[in-house]
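In the two assemblies presented below, chain A is common to both, partnered first by chain B and then by chain C.
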Partner chain A sequence: MIYSWKKIVRYGLPLLTLCILIELFAGQILQSGQNTLLKIPIYLISIPVINGVGGNIGSILGARLASGLHVGYINLDIKDKKMHENLITSLLMGIITYTVLAILIYYIASFSRITMGISLIEFVFVLLAVGALLICVVSVVSIFTAFLSFKKGMDPDDFIAPVVTTIGDTMGIIFLFLIIGVA
Partner chain B sequence: MFAKELLKQSLPLLILCGLGGLVAGSTLGVMTDLLVDIPGLIVIIPAIIAMRGNISTTLGSRLGSAYHLGVINAENIWNEELKQNVIGSLVLSFLVSITIGILAYVTTIIFFDISPNPVKLIIIVLIAGVVSGAILTMLTIVIIFAVFKRGYDPDNITGPALATFGDIITMLSIFGSAIIVEVIL
Partner chain C sequence: MIEKKRRNIIKRLQRTPKWKKEEFSEIEYEPTPVKDLLTEMKDISELIIDLAYSAVLFDNEEIAEEVKYLEVRMDKLNYDIRIMAMMAARTKEDAEQLAGILQVAQSAEKISNTAGDIVLILKDKNRPTLSRILSKADEKIFRIKVFSNSKACKQKIGNLKIETETGMRIIAIRRENIWIFNPQSDAILMANDWLIARGTDEGFEDLDKFLKGKLRVLE
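Right, the complex of A and B next:
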């Protein structure tokens, strides 16, 4: 038997506690920006989308790296070719996904008569800018987490998703407020 | 060519998941009155969603590796290895929910000049965390089973699928428990 619930809890709890501490910080940023979000609700609605896609792409990359490391077709090397192919595919998927979703969000929001105050081009630009920044961050974080945990003899599967989504959520919210501020 | 395979298996799902995120976002959009009425509520939302996503995606990710290692497969899915994974996830959900409630209360007092009702916050998090945890653990097993049957690589699919269903189910759980707590207390 390779899994035990006590081990899962013991390994999971410290990291999860750290993660929710960081997420609560993200929550406090939301609290302080609450008025902006209530004024332009299309951004409030976009937050789960931005963070969700960023976290997903980072997690897919991480899960693939973890399996690759477990099975042995990916080596612990920053120059590993398989890892590079995975990285480039992640970036490509991110750009496509954010563009498609930005357009969908905009039209669904205008259908449900949500107050906008911005044009489609502007909104797509904001989401793509936030998305591109976010994917760069989650990809790098994902690779480092996978390699580092594997190198230390721990199961990367226990670490990648929590680390990637936590940093992704916080950075997603920070990037969004940043780009809204600039745009 | 795995890039093509990855795009084919993951991209439609990623977009579908983004739409799921949109449903979660719209729920958040509907909750604006509650957000104003319950100080501290917006603070706990990223934490609960993250806890939920983390616990269920690590579960999915571990089961993915278990599949690659040959420990579980479509014919032999409900075995002791899986049970240990499920129990671990549920225990984590309970413990972390309580922690979120307490920490949200403390940090809100520190950062802002408002003091939320600690009992309210903790109860909202606990109900939302445990209810969404139970639903999502069951859903994880169903998804893993469906993915095995189709012969897809679970790594490309369970993460995004769980994160998305997780977001929707968690947002609805938060919405529901916030309403219940607001009415009762």
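Right, the complex of A and C next:
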């Protein structure tokens, strides 16, 4: 009916192509920092987790904002109070998830005898810092995509999720290198 | 020749009533939140009844035209609110709540349709006498005095929540020789004001007791 394959391709392909290009860029960054990562391989297993959680939290926030805009309990305004509440909730949710995951990853890694070279506190700190930065960026992106999808009447699922996850992936890797460089 | 034709078309367009243009406007997605749409529908449903009765009372074709326009506008708003509700619903809780909102919207639309029917009386040559119709109505017009020992003195109408608590709508306030028509929620009641209010008998009794100082609070 509404979801004919022609329509899916027509709406999905351009955006997905763009997303793939951005992801390629992220891959290049990852490759350029290969040596740093191989020294402490625990970061390698945490990359999918960082990106996945960041992207998911952004997508959830975006979807909720889009619904809120349509119903009208969120106004089309950067200073809206309800929106700030949503932002803070996402940040809180992200921090909790990242802390739990960091501890989990650390112990799983120690069981499977991956060379560590980093203490638990340090690892949790790095993951939290990356996560907080990532969620901030992803939230801003999801706010703008939600506003745009409301204005233009686009399907939030088709539009917000790909954009937010792509940018989340790229920024996640960049932030990880930044924090490793600082620490 | 062409110039003349064009002028004729424009003239004809100008002669078409406002409601007809609205009726044939296209319905498409507009980014207006459900909340705003519902507010507008509620406002229109209130206004349209006032206008419909006024049109019949004063035998006024222009007001009747406005009623028709609002009726058509209401139809459009009803479509819009459905579109937005469908876009907004994500979870089953959303859908349950929005179903209720749509029901309210549907009722507001029904009210406007009925108001449109009231105006049809104007087309009837031997219409019934109005005083007889009005005396049978549930809502009547009352005149109430604000006594100085009432809690309502020096209070804003909005803070007293008169309309939500009693269903009485204050149409006008007379303060000695000054009239305040259609007072808004920030209008302040003073002692010895005369209120002209519209509502049911029960609402009138409550409000009367309150304004005489017999009731301390409206509940």
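Following the convention adopted for this analysis, the second predicted complex is superposed on the first by the 174 of 183 C-alpha atoms of A that agree within 3 Å, B and C clash if a C-alpha of one lies under 4 Å from a C-alpha of the other, contacts with A are read in each partner's own complex, and residues count from 1 in each chain.
FYI, contacts are C-beta pairs under 8 Å (C-beta built on N, C-alpha and C of every residue); 3 or more make two chains touch, one makes a residue touch a chain.
Since the structure is predicted, the reported quantities are computational estimates derived from the model, not experimental observations.
Chemist: Figure out whether A:151 sits in contact with chain B (first) or chain C (second), or with both, or with neither.
Modeler: second
Chemist: Taking the superposition on A as described, I'd like to know which of chain B and chain C A:72 touches: first, second, both or neither.
Modeler: second
Chemist: Applying the touch criterion given at the start, work out whether A:63 contacts chain B, chain C, both or neither, answering first, second, both or neither.
Modeler: Both partners, chain B and chain C.
Chemist: More residues of chain A are touched by which chain, chain B or chain C?
Modeler: Ranking chain B and chain C by residues of chain A touched puts B first.
Chemist: If we overlay the two complexes on their shared chain A, which of chain B and chain C does A:4 touch? Say first, second, both or neither.
Modeler: Touch partner of A:4: chain B, not chain C.
Chemist: Quick check on the superposed pair: does A:80 touch chain B, chain C, both, or neither? Answer first, second, both or neither.
Modeler: neither
Chemist: In the superposed view, which residues of chain A touch chain B and also chain C?
Modeler: Of chain A, residues 63-64, 67, 70-71 contact chain B in one complex and chain C in the other.
Chemist: Can you list the residues on chain A that touch chain C in the complex?
Modeler: 63-64, 67, 69-73, 75-76, 150-153
Chemist: Where on chain C is chain A touching in the complex?
Modeler: 29, 31, 33-37, 84-85, 87-90, 94, 98
Chemist: In the complex of these two chains, what residues of chain B are touching chain A?
Modeler: 2-3, 6-7, 10-11, 14-15, 17-22, 24-26, 28-29, 32, 35-36, 40, 42-47, 49-51, 53-55, 57-58, 61-62, 64-66, 68-69, 71, 80-81, 84-85, 87-89, 91-92, 95-96, 99-100, 103-104, 107-108, 111-112, 153, 155-156, 158-160, 163-164, 167, 171
Chemist: Could you please specify the touching residues of chain A with respect to chain B in the complex?
Modeler: Touching chain B: residues 1-9, 12-13, 16-17, 19-21, 23-28, 30-32, 34, 38, 41, 44-53, 55-57, 59-60, 62-64, 66-67, 70-71, 85-86, 88-89, 92-93, 96-97, 100-101, 104-105, 108, 112, 114, 155, 157-158, 160-162, 165-166, 169, 173 of chain A.
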